[in-house]
Structure formats: C-alpha cells, structure tokens
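Note that the chains take the letters A, B, C and D in the order they are written out, and that residue 1 is the start of every chain.
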Amino acid sequence: MNEFEKLTELFRKFPGVGTRQAGRFAHFIIRQNGDYVSNLANSIQRVKKSARFCSRCQRLAFSTSDEGLCSICSSPNRDHSLLMIVGKDADLDHIERAGVYEGEYFVLGGVLPMRDEEVSKFIRLDALERVLDYYLDSELQEVVLGLSLTPEGEYTNDFLAKKIEVLASERDIKISSLGRGLSVGSELEYSDKDTLRYAFMSRK
Amino acid sequence: MNEFEKLTELFRKFPGVGTRQAGRFAHFIIRQNGDYVSNLANSIQRVKKSARFCSRCQRLAFSTSDEGLCSICSSPNRDHSLLMIVGKDADLDHIERAGVYEGEYFVLGGVLPMRDEEVSKFIRLDALERVLDYYLDSELQEVVLGLSLTPEGEYTNDFLAKKIEVLASERDIKISSLGRGLSVGSELEYSDKDTLRYAFMSRK
Amino acid sequence: MNEFEKLTELFRKFPGVGTRQAGRFAHFIIRQNGDYVSNLANSIQRVKKSARFCSRCQRLAFSTSDEGLCSICSSPNRDHSLLMIVGKDADLDHIERAGVYEGEYFVLGGVLPMRDEEVSKFIRLDALERVLDYYLDSELQEVVLGLSLTPEGEYTNDFLAKKIEVLASERDIKISSLGRGLSVGSELEYSDKDTLRYAFMSRK
Amino acid sequence: MNEFEKLTELFRKFPGVGTRQAGRFAHFIIRQNGDYVSNLANSIQRVKKSARFCSRCQRLAFSTSDEGLCSICSSPNRDHSLLMIVGKDADLDHIERAGVYEGEYFVLGGVLPMRDEEVSKFIRLDALERVLDYYLDSELQEVVLGLSLTPEGEYTNDFLAKKIEVLASERDIKISSLGRGLSVGSELEYSDKDTLRYAFMSRK
C-alpha cells in the first residue's frame, strides 16, 4: 500500500465516508499547501488531547471551569429543577440551538441496542447515577427523558424510566418523556399509525 | 383539438397529473379493449350519481342507512362521547385504518386558507353546527380537533377552537387537539425547532 | 364492491397509478361538476373510436389524409431518403420536438423482449415490410434504427439490423443506429463502463 | 476558537463536506484511540511529501520509475500511437478501470472555466506542449480529447482542438473527441434534445 492508499483507508473510517470520497479527501490533501496540511495534522493530534468531558453532564467541552464543568453546568442561569437526559452531544447542541429548554442536561453517550448486552458499554450509567445524586441534593423536580423516537431511543427511554422509577418516587421527582405526536408540517393523511396513536393519546 | 388532445386536457385536471402523464393515460385508453373503455366511461358517470354524503358526518359514502347515515354514524358500537373533526375523507380513512380511535367524526371538507375569505367556501360550517347540536343533545364530552400540523391545518384548528369555545364551556365539553411532538422514527438531532418546542411542552 | 371501489379498480390499471392515487382520482371525479364528468366519459368513449393509425408509419393519428396518412407521412417537406424506425409514438414525438430529424418514420409499436417469442406479438413486422417496400421504390438511402439504449432496445436494434441486412445490401441502402457515447451533462468520472467503451469507439 | 472548532473549520475545506459533517468528523477523531489518531496525522503529513506527479502524463503517482514516470507511461505495453487528454486523475482512473483504452494519457489537472481567464491557472498547458513534442517525435497518430460533456468540458475540448489543430495538420495527426450520443440505459423518450442531436449526427 502506498501512502495514498494508506490515507484513503484511514479516511474511509470517517463516519459516512465511502471509498470514493475517501480517495477524494486524500487527493485534496495532496493538492493543499504545506501550511494547511501541517495545521490539519497538528489539529488532529491536539483535538484529542484537549478534549474534556464535562465532569457533570459528560458532554464534550474544550474550555471547562476549575471544577471541570462545561459552560451550561457552570452557568448560574440554568433551571436546576429540570434535568434532561439526551443520547449524544449533537442532540444537546440541537436543543440548545432551538432555545426551547433552560434546564440542565446529562449526555448518555449513546443509546442501548435492542438486545441483551452489558448496558455500561453503551451508556454512561455510573456517571448518570452520580449526576442524579448531585441534583437530588439540590432542587431537582423533574427528569426529562430526551431520547429520539427510534426503536433504540424508545428502548433506552423505557430502560431509564424503570431505572429511575424508585429513586424518583422516593424523592417525589417527576419523570417525563418528550411529547409524541404530529411533528410540524406533517399531514394526517400520511402520518404513520403509531404517530397517530400517540397524537390521539396525547391530545390536549 | 383532436380527441386525443381533448382527453389529455381532461386527464390533466386529475390531481397530481401533468401533461406527459395525461398523454400517457390517453394513449392507454386507446390501447385498451372496448369492454374496459365502456366500463370506465360508465363507472365515471355512475360514481358521481351514486355518491352520497353521510347526512351527519358528511363523509362520502356509497351505501347509507335509511336515515342517510354512513356505516360509522349508524354503527351502535362507536363512542358517542367523542367527536373528531377532520379535514377530509382521506384523513378519516387513514385514522380508521390505524385503528386508534373509536368515536364519531365530522368531515370539514377542507381547511381554511390563511387569508381573510368567506369561511363557508372552504369548510362545511353549517353542517358542523348541526352535528354539534345533535351530539350535544346526546352524551358528547369531548371534541377532538384532528387537523394536519400544516400552517393551514393549525389556522383551521385555532379557528374552530375559538368557534366552539363558548358552546363548549356552556355545556362543559372539553376541546382538544391532536398531540404534537416527536413523530415515530424522528431523531432529536434532526427535529425541527418548533417540533422540539411542542415535544418539550407536551412532555409527560 | 361499491361504485367508488369499482372506479378505483379501473383507475388502478392506468400506467403508473397505484391504489392510493386511483382512489384520489375517484374522489376527484365525485367532486367535479356534471359537465366535466360527462365530457370525460364521452371523450374516453370517443377517443378510442376516433383513433387512427397512420397507414404508413403506423403512428397514432387523429386526423389523417384521404389515403390514411398522418401529417408527417403526407407532408411534402420531409426527406424521403431517410427512414427512422422507432419503438413507440412517444419516441417519435420526442424526436420531433427536439427538431433534429427531417426524414420519415416507422413506429414498431414496441420492442422485443430478450427471450424467444413470436416477434409479431411485439412489433409490427408486416407493416414494416410494407413500408420498406414502399420507400425502396422511392428514393430511400438510409434506414436509421432509433431504439433506446436499453437491453430490449439493443436486442431489437440487432434483430432489425439482421432482418434488413440482405434487403439493404441488395438495394445499396445504408443501415445506421443512433450514436452511442457520452450524453449531454455526463461526467467522465461517473460514466458507465459500456458508455465509455462506446464513447471511445465512436470518437471522431 | 477551541480545538474542536479549529478542526471543524479545517475539515469543512474537504470537498463536499459541510459544517455538520465536519463537526461529526471532529467528534469522530476525539472518540478514536491514540494509534488511529497518530496514524492519521502522520499519514496526512507523509502523503503530501511522498506524492509525485508523473513527469510525462502529470498524473499523481506514488511509485515512479528512475525517469520519474508512472506505471502507465513506463509500461512497454501501451499503444504510443494514441494520446488521450483527460481533465483529472479520477477520469484517468475510471477509464483504466473500464479497460476500454490502451493508449497513453495526459492529465490536464482541470478544465477551463467559461470566461476569459489565464488558461495556465486551470490546466497544465506547458506540460501538455512538452508531452505533445515528445509523442510527436515518436509514433503518435491520434490525440483523443477525453473531456466530460459538461459546459466546461465542452469549452475545454474546443479550446484544445483549436490549440492542437495546426500542429496536428502539419504532422498529420488526427484529433478526435469522445463520441456523444445515447449513453447506456437511456431511453429515447427521456433523452435530452442535444443528446438526441448528437445521437442522430453520430449515427453509424
């Protein structure tokens, strides 16, 4: 394998990148000037070293407070009575951009596959327990399960609901899941059967 | 215009049919045997004459009871405490196929455009009032607004909610709308901002 | 089956129309006024009766000359030295719209499936022979095989080439096929292998 | 800008990569183990240094002969009477994979934009002249212009044809372009008008 093929192989591991695009990326590198190429190589090395995970919500953060907290967890303006559990950083980012939520977060780091496997391989269960302890000592009133409405997301939602149930009932914490129903733009005539069921059951 | 062009023009009026497809339909007719062609021509004439609209819910029905009621409105097994108002026949059919609802229906016959126009040109307002009177004398407890979550659907939803409000509060009837939120299969990361807002607001 | 279902069944036979669209067509008919409906029913009956096939090129024509010729075959302005054989009316129409050809046509009425079957079930072989006789008595110099570059089109092209070969060599008629190669807009990098072969072989 | 943002910016320059995918690539890097990350960084640095351009056809090559020739230019089995000029490495690779051509190549390194600009900024004109000189001293009989059938490709084709014309006529070299017409799989009925014109003009 020559260097071009080696690099193409490495790029092929990138998410959503096939052989052809990987080859195009390698070609692209060759055509760039030396500055871009060494910046890229250095940045790739540094990003991994400089990546921090917020010690509370576990999201990826590059600047953290002295206690290792991300900008959300260290902000005095967030609502401590609400904790939303999401699957991954991109979900958290998307909800923040939408500007619809002002509480705290916890990032699971994944969702559970729908087969029997060691749960902690897929989601950060220990860290979740620590975070729940932390917020329970504070003013927590509601845990919002913010999972995607995919099979794995629903499975993870149900797993977490059961997991937190006892804790929640002891401390009088509400557990909720994001509402299900018609999403914006959807026409009744083309809505999926289960969506219609959720929409009817959650009418108000 | 020759007969081929005339027929193409007529087919072009069919919903979702452009010139090219209309021409293909006309070609298709020419290539069929005489039986198919006269069956089609007769069926087109008859379907209009034999079409009935249910005297209660206004949906299209081909066999009606002596009182002019469709199979749903004349069924003894539907739940008279619930009335769902939908935009069009296809919405009703789709909800029935999903099997998630056992109440009664009313078919508006359309939705309102989002500009000031004579409402009764777009939806069956008089018939709606008659139907509400009918069910109010019965055991009606809830009117479910079953509109699509499109701009026109939301506009119609709000128009109807306001319209029925007084009536409903006088008679202690609940007015609800289909639930809004994540629809089945949707990933948080790609959900639209307003859908996220609905999903958060309707969490439970 | 009620009239609605009967009509839906008949519409489902239309090319490219599925059950859902067929139902929408039936609904559409019901909502139209009586004039439209009887115009449509009449036009469907008449179009079949008034359809003529040009006695020479066999294309569908609605007004024909006294000799039963379509507007192209009866035009004094077409080039009688060229005869293009195409698969179907839509191909002829498309070439006419493109305005790239001024010769005469013959419409096969189909292409050959790629298995051993009675050829005359698929293409108008007798009529083709009559037309070739006609033009051979005239000034014919070239027969252009104007088939699609699909497997069936290529098979039909080869079948016709062999069929006409002897005739053509006796009378010194050229047989040609439409050029194959890069089509407009195509990028080399994404072109199919056989297209590249044709493009290279037909370079000029 | 933190390291994550810096790396996202650098990935955004990759061909066909938008902000969202660039962010996903950066996330991907962070999640990989140290080996993958340092392999990638090293490979990116090395690929540029180890890239050679064949001193004759100018294509990217990683192993070259002592005279700096790529495997094609140094092969004794290629046909020296044919020289195909292509736009970019990927075109050459694609033609080689198709196995339809056995002559020599020259890689322009781009195509000309359709406005008046300094040509040598876009294509390797000097290198082309050197290569033509080289092959003219040899047994060259035909230059094949192997450009895409896009507007820029056609413009570049015409530019090169004019450029080489005199040279070619003096030395009795044929200049050809890849054939244009129906590409494999295309149906006449849906072919673009210019493609039909080319197909008719290049019939044979």
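Heads up, the rule we're going with is that a residue touches a chain if its C-beta (ideal position, glycine included) is under 8 Å from a C-beta of that chain, and two chains touch if they have at least 3 such contacts.
These figures come from a predicted structure and were not determined experimentally.
Comparing mean CA positions across the assembly, the chain most remote from subunit D is B. Subunit B and subunit C have CA centres that are 42 Å apart. If you average the Cα atoms of subunit B and of subunit D, the two centres end up 57 Å apart. Across the assembly, subunit B contributes 90 as residues in contact with two or more other chains. If you check each pair of chains against the touch rule, the ones that pass are A-B, A-D, B-C, C-D. Of all the residues in subunit D, the ones that touch subunit C in their complex are 86-88, 90-91, 94-95, 97-101, 144, 146-150, 153, 176-204.
Against subunit B, the residues of subunit C that register as touching in their complex are 2-7, 10, 13-16, 21, 23-30, 32, 34, 36-48, 50-51, 60, 62-63, 89-90.
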